[in-house]
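After this come two complexes, each holding chain A, first together with chain B and then together with chain C.
Right after this comes the complex of A and B.
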């Protein structure tokens, strides 16, 4: 793999209360790449993301972002280091307009000019958001809300974008559109850690993939390798 | 535009204040002042309970703290020194401060206690936070009642100078309303609103929860304490019992009726509740209707009607009168548009 890793999980164990959910997970997001984390329901994908964002502190192991240990930092400090997060199920702020949803993140950006540039960038990635910028986000369609959730994570121009199930509950056309935009975002220099159940879409756009089961990483490799590994493809990815 | 509009608005307001001050009959003046004070209380409570979704019932305690702090400063020396025998520092006993320093000192002390109140918010959420703040309210009242050497206990304080007038009340109220409307459009206000909706996500988006919770409570309690001080200097006495759950319930009713999270809603709620309470409480006492017949005493009428009004409004409009919306330029335009359509028909 690439020698310059942006985010590195080194045998991280984590969970809720005393219950361990993920055990000794090691994964690596190289700078400028799309990495995907696959697996069925309830295998610890979201818990892994929550550990990275700082919502839960890891029990053991090290979390490195740009070589700096971030385990134990508060979520807002981790966000401040340049980690954008688009949560599962979108969780947009329904009674704010699309534009205000994007502004929420602007707290962190000191310069108005940079913010305006970033906003313009988000609008070129998702032209629909520009058209609907003054619409209450509750009244937007599912796909638009997902675009808004991703856009909100991008306004601060993070180095790493964490995406939790961006394809959840969306029509195939919209999923395709979002996948294309993800590639575009990646080409602009943002590394992406994608957590997905839609393995087909994820493997099409990713450079590298990890497969989780029962709280552990059971297989990893480039996407072609994983697709060729018959047993993995059959059992965990649902692709024939 | 810029700041030039202030040169029109401020003298205009001052002129209106002057006219009202000169010509408004006493009863209506008191009503207007109470409305102003309730507006201050409701709009500031809306910062925490409405925007940040940190439902506090401890604001009565904050008013009490601010009120006593201001009282020690503004009470006449003769009363403090001769009638009461309070264990206060002698410089405090032997001086009578003007209203502004007392107001600011009380406000700042209220803000300081507000940040204390915000601390349980770090660990508690929802109902548990509500109970903790309710406990704060009870604790302050109990402490004040049981420290007769300092606070004169449940006997309370009297002989306040009647400082409260339309200038103080409505300048502070309008300043607060203006501030809140500006905040609504700022990072700070948005951070509070976002925090109220989805606390975890707000943190992931880079909002420092501790900082904003403390700010929200500090600002809210600063104005709440000032509202309390204005109220004391209007009714001219101070009993710790008054600041209990009953008062807090009234203010919470205002913002719930108006719409939690809406500044205009809080003002509308304050107007409704003030009208209700001030018009119903004379009736409650019983009176003679132009000598024709006697209206008997109906104690508890106000509370009953208030609760009925609350229930009615919540059934008809569960989100309050304004919901989460604001009454601003666009809503005026909407109303005008609707009127124009009607006249065409």
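Right after this comes the complex of A and C.
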């Protein structure tokens, strides 16, 4: 990978309490690219993302964002550097309307004008959010809630977007729609680290992929390379 | 009928006190899951500060009011910093016990130092006197208390409903962890919430002084029970719900006592517990939508 790297994990180990979940994970998200992190359920993909966002502190290793070590920073400081996060299970604020969910993020945006511009951009990417802006988000459909979770991660115009299983529990049509929007977001200059079990969708839109198993990165390469590696494709990606 | 209307009017002052305390109580309850028994002491310290400033230092009424607000805010933030902040993420039971300790600790310390005797709260002349409305008597102080309560409650509701800080507060009540990852400076928001809640408690302290003409070190006890029950009744974390519920409880309690035979007036505190039990049986989530998951 020749491009300048935006996010770099250098032999990061992390977990909960004393229990190590991920061991010496190294990965690299170059600026402007979509990188995907694949693997079965429970192999440490979500833990990797939660370590990047600062929800859990790494036991060892370094996390570099734009060359700056971010391990040990508070979640809101990491977010403030330009990291948008769409968590597993969406985790939208169900007691707020769609608009208010986005307004929460305005707490880290300097001016009202920039927030309004970003809001307009999010509504252009997901017109449904504009239509539903004053609906209580708890009452929105699963697809709309996923769009809201992604929109909420984007309304600060981050440099890096972290997505945890955006396709989970959604109809194939909605998954396709979200995948297309992710490409559009990436073309607008946002780098993406995508965590997915839906390898087919992920590999279609990504530039580069890592495969995790049992808390470690076991393989990485361009999407074509991974698809040609039969053992990987069979065992870990479940597509043939 | 006149008796009922008169009692209703009289109850509005007490209702306002309950509404102010419940609004602050529900904010801290929602945002860090805190059953804050010490909220009554936040009010008491404000009231005592005003007493010192007005009676010992002989300073004017408005400086006493300012001192009450400052006293409440300072003690509210100190309790947060010393008692609750070290327990962030420790769960509801730990916070519950700590707030009980803070409440007992502060109250007992104040009673040891200053006794629990009733202390005069000088009320200026313009707040004395009544207006007559047909057969009904309107106390000027009640009018002021109700108007100011509605004004400040309106401000707080606007703040919570329409500003980005208010949205962040409600988001934190729902999911503090994710709110942090969205760039919300969670610790700063908690300080803002405690400052606002303590400000409202300081207002309640002033209004208590004006209403009863005196304050004392144990005044927070009844208030905090009512505030707790009102915040459950109004839906936890729901500020406008808590204000409405505060008025319901304040007005209900006054009317309850007004219709009790004289020798049973001691049963006054029973009212809020009846409300709580009925609520827990029929609508444990409260009358309005709670702001927590």
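The working rule: the second predicted complex is superposed on the first by the 239 of 240 C-alpha atoms of A that agree within 3 Å, B and C clash if a C-alpha of one lies under 4 Å from a C-alpha of the other, contacts with A are read in each partner's own complex, and residues count from 1 in each chain.
Everything that follows uses one rule, which is that a residue touches a chain if its C-beta (ideal position, glycine included) is under 8 Å from a C-beta of that chain, and two chains touch if they have at least 3 such contacts.
All values reported here derive from a predicted model rather than from experimental measurement.
Student: Could you check whether chain B and chain C clash or fit when both are placed on chain A?
Tutor: They clash.
Student: Can A:189 be said to touch chain B (first), chain C (second), both, or neither?
Tutor: The answer is neither, since A:189 touches no partner chain.
Student: For A:106, is the partner it touches chain B (first), chain C (second), both, or none of the two (neither)?
Tutor: It touches chain B and chain C both.
Student: Please work out whether A:152 is in contact with chain B alone, chain C alone, both, or neither, and reply first, second, both or neither.
Tutor: A:152 contacts both chain B and chain C.
Student: To test your reading of the overlay: chain B has the stretches 78-86, 150-158 or 330-338, and exactly one clashes with chain C. Name it.
Tutor: 150-158
Student: Please identify the positions on chain A that touch both chain B and chain C, taking each partner from its own complex.
Tutor: Chain A residues touching both partners: 53, 55, 74-76, 79-80, 85, 87, 91, 93-96, 100, 103-108, 152-153, 156.
Student: Taking the complex as given, what residues does chain B use to touch chain A?
Tutor: Going by the criterion above, the answer is residues 187, 190-191, 193-194, 197-198, 200-209, 261, 324.
Student: Which stretch or stretches of chain C touch chain A in the complex?
Tutor: Those residues of chain C that touch chain A are 164-165, 167-168, 170-171, 173-175, 177-186, 237, 289-293.
Student: Write out the stretch or stretches of chain A touching chain B in their complex.
Tutor: 53, 55, 74-76, 79-80, 85, 87, 91, 93-96, 100, 103-108, 152-153, 156
Student: Could you pull out which chain A residues touch chain C in their complex?
Tutor: Within the complex, chain A touches chain C at residues 53-55, 74-76, 78-80, 85, 87, 91, 93-96, 100-101, 103-108, 152-153, 156.
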